[in-house]
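Only one structure is covered here, and it is reproduced in the block below.
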């Protein structure tokens, strides 16, 4: 079993101190299924309140220093002021997520809509998101398209690819040299027959055409049953095309459960490939660039559990998986693999996975001045009760502008 | 190829004249995904208007004479008056669908909720639905429970079965002798870890315990990938436990697309088992009862297509699949099956499936005084334009009370 | 985190000392896919050699005291002599597995074949298996039927159920009062359209009709994607109808990988339901019977890894999952569940899962005179090298008679 | 409904006269599952006999003029003589399929094996297959790799991609200018954790790097549940990277049932994209090249049905799907799509699908001097009985060299 008390533990801790996980502002708002959105007390009414809640997660975990925005859900008049607000709360604004799926105009798609007027409107929104990035200092524009069709024959699959390519080209051209476009794929939902970016291959092909600063986003809940996600991660890292993660977990479809809740072993295997592929801890890239620059984000829905604790738990789950991945004895693994020792190689990996890393993480937090038990510390803080009492009136944030 | 012009055609037509497909009132209201509900012009504001729209479907197809209600979506003060309204529109009220998933109290379940107060409230609603049945003269109470859990450990699986059994017992005891309970299963959504009635086996086991008038509902979109639905249909018919269908189609999960749109061959295979199992055309049951009494219902969401034409198309799709199933040469099929002639038996089935039954159905309609092309006839009628113009103001019906 | 050093650890160890996992004789023979069976050196040529290999697994783990036979793969002239051979090796013969899928006569099925002659032959084989049970003193007859169809229309689904029921009735009637029939279900393979016992509902319905001594077998690899296996386990235990497990793991279909290798968290959740449902450690049944009597068996294929170490690893994986399940703080879990504390309840379960139980198990083994590290101890024993050297000539055992 | 009697029918027939479907030599040999290979009377013993059987399929369908070989299953001393034998039987040799999965050396992979000696051996075999192509005049080398791993940690995912890239590079460099490499992907089986070419994205990325004459093979049974295959076809055609089809059908995994048997509507949708994408009837490519050059091949296992009739039925199923695809009113479809008329566009597609094209195809055959009913004509020919009587002795061909 991995030695967790010595030099190795120190090395693992050093690496873990470089970790940062981005939180989605919308995880603090209400969410649900098409059947029901259960409102929760204390839910933020404004982007500012979402950022304050996110800051709580960072306060107790120490590794969640940035918040992704969703435009227009987080639309404000003054993004510089919002960024300042974040800074004062101890966090910063991260990725800008565009939203082109909630206007009645987008019934048949946004950038792939058969109607050029709607396409223009959608692309204009994407361009505005780059304006927001300029104001917030964000590096990444994240694009997820709900575009697709519900019925065979409804639209022309190849023509929609042409329209998609045109839109991406225009937006990519608008980016500043330090900005990136990260493109997300998803098998289905809300489209139920075709989706215009359904899999990593499609996202990869478009990113390849676009250029260096276009990368693929892997949302862990966006695959067909049986898809080996860590293979995709390894492949994209090898190709220099992994841009970001949207972490969450699922038993069925895009369930958006807390990361690591449904299949903690899968999360570990993914983080093992991340470590193996040099994306964490981040070293210099093969081209001398500052590194792979993968953004590790959560994207989840706390439909029935409280939201801030739900985010804390998810961050901890990712951290635990990362710690285990760092514990993998790479030399022993490589040796067993080279020897064709199936059980031996598997055993090296499982040794790390089976290790209880919670004591090491508690130690790390204590050393860094954090409470060893972030869940308990947050619960004791009374913050949850306070916002439930104070946030009365106004419209709770949810999946609407 | 089946002879579609002669005696056989006459027999098929005679059978088809006995078909009736029940429409869901909620198919005429707005629906969508968790991402967006796209509102459509002309959508009904009241149960009365939903029934009027449903009556249009019956008017042009001739085989959709009843409308299922969803309580409380279709709650009215006077159900007898609603029934009279339906009668005046040329249709009648069918199954009563209970809804125990849209109150904030149901966040952790309804009849299986760990809190006895919530369970009581849920059961009381189910009992009230039986009151509605008394008023509308409905035969069937349809129960679908969104109950389940999202996270391992969240609740006790077996204890939830106990609570479910208690609730079903109490409701079953309340039914009048001519009333039935039909119990629906669903793999997942909105619950993402366990669902309390996830599969036909669970529904069957409860129905078996309850008694003769408890039957299983097969919603064609509620299964795991790869599930052979026609097997379940055949099994339940053999066991005398098939109560109803919720027809719709899907490529992925519970997509609720138009029946027959995603896999018309599957719909045909299901209807073949229905015919083979004696459920259509309905003969006397083995116990001399009036027959299997299977309710053939649609349960769909027309998220992006117009709703009344969407229902007409779905009814026609079911009718076409039924006509093909009736064309199967049962004697030739049995002979090839008995001989172990794999390709021969398959060929008998495919002969029927590959037949274009649209001319026969057009003929049938013409003989019965209907327009041979219901889609075109409805389009010409101007009804869609009229309701779009007239239904201004008020709140459009949707998946809310 | 669970306290693993004190009273609780002692109680867990006491429970673990009652565990016994049955090994399949065929796991020691060659296996593979339709593409290739890779032969391994040292593979047994006879049932006796398979039993000797199985005894090695018991020798190092201490919890694998019985071996299941597969007839005719393990056909011998004198079963009493084989039982004596097992006893002398330190193990005993367990479940008898019938095989009605490898004769050319079974191309279109065995007990559900359209040809009555073939059905007779198949049932006769099943009856002979009961004769073997009489000779070996086995309690359980395990029935898995490859029966099904490949093409729509090929045979009549309901008629095949009738034939299946007839065969099961005849075999059940032949059992002695202390013998049981355990019926396995499987979604698909080798049949690719319908399978005659495709799911737990079908097996359950037949077992219910047959009587008390007919129970369902859950093979963890035999489900559709997304199926919640622990739900099925909980349901069957609540109904008194869980007979046995076939443990293995899978990422895709019936991959037959080592138990716990693909999804160790799922194995833990299953064992949690086993503990919760009173099936382990086994207490008296609700009717005062000696208990649930669930048989915990492995059923795997070590296609590329060495077979004896593969079995040891699998036994250890099940033992680790069991230890974790025993560590669940049932009182705390029940309290959190009753309170509707989603994250709290999940956290109680995860606390147990995240515990590294390997030190406790090493301790247990040391206390019981076993090597703390069974994999290493076996590797050091030289047994693998010895059989590779000695077992030269003869036909290696595989999936053939 | 499409007008099938007039000019359109003539155009459809003209297109269908250009169709050619390649048959796999191995479909005429025995096949089965890992549970059992059921031998059939009359199965070929030699490559020559396989080709003779394939020629029967062409004789009755008129559209199956070429036979793909599998090396070493079809290894002969003199390939030129084999090609001459084919010509004398009225067919020709098509694609050469390499096989690097049936040697004991390939237990842990072929071109991605951790052992360089095994990789060398595998690449050498692939190079020999190009020698065969030189002798047979084949255009396409088809590569499917069973390579992958069964357990997490077993081998390094990215390193295996490096080895794969090296092997492909070496083989691609060996091709003559008129030869192509077509690369097949498959989700799983026989590897059960990772597969080295698991999806179209991986195959596409490698082909892109290799160059113009490397193209992707779509085997319709090689996808995760829910994958939209026609999307992939449309995408690859748009990118000029679709090389070939392996047609078959499936309800579950890689079932290898007859094409069109499990989901005839899917086959139609695929052929619709083929027609839409300009791959059939084949026009000049965008670069003035002779066209897309897609090879339409069957790849199936007739495990329980007779093989020659199984192939004839499959060819007819593909032909029927093609005829329906050709009947789609492209102008009406484009108009409805552009108008955002969801139901209208779907209806144009379904009109073609619902048409019974068998009369048109019977007519086509009669005009071309073929029997209108190929299945019946073959059955009447007595060929099946003759080979069953004559092919006595020798080893029946199967999935072995």
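In order of appearance the chains are A, B, C and D, and numbering begins at 1 in each one.
In the analysis below, a residue touches a chain if its C-beta (ideal position, glycine included) is under 8 Å from a C-beta of that chain, and two chains touch if they have at least 3 such contacts.
All values reported here derive from a predicted model rather than from experimental measurement.
A.B. asks: What chains, if any, are shared contacts of chain A and chain C?
C.D. replies: A chain counts here if it touches both chain A and chain C, which gives B, D.
A.B. asks: Sort out for me whether A-B or A-D is joined by the greater number of C-beta contact pairs.
C.D. replies: Higher C-beta contact count between the two pairs: A-D.
A.B. asks: What whole-Å value do you get for the distance between chain A and chain B if each is reduced to the mean of its CA atoms?
C.D. replies: Comparing mean C-alpha positions, chain B is 39 Å from chain A.
A.B. asks: Where in chain C do residues touch two or more other chains at once?
C.D. replies: 108, 150-152, 187-188, 193, 225-226, 228, 251-252, 261, 265, 304-305, 342-343, 346-347
A.B. asks: Give every residue of chain A touching chain B within the complex, in rising order.
C.D. replies: Touching chain B from chain A are residues 31-36, 38-39, 101-102, 104, 106-108, 146, 150-152, 187-190, 192-193, 225, 250-253, 255, 257-258, 261-262, 303-305, 399.
A.B. asks: Okay, in this complex, where on chain C does chain A touch?
C.D. replies: Per the stated touch rule, the residues are 1, 225-226, 228, 251-252, 261, 263-265, 304-306, 309-310, 313, 320, 342-343, 346-347, 353-356, 358, 375.
A.B. asks: Any idea which chain C residues touch chain B in the complex?
C.D. replies: 108, 113-115, 150-159, 161-162, 187-188, 193-195, 198-202, 204-205, 208, 223-228, 230-231, 234-235, 237-239, 265, 269, 273, 276-277, 333-334, 336-340, 342-343, 345-350
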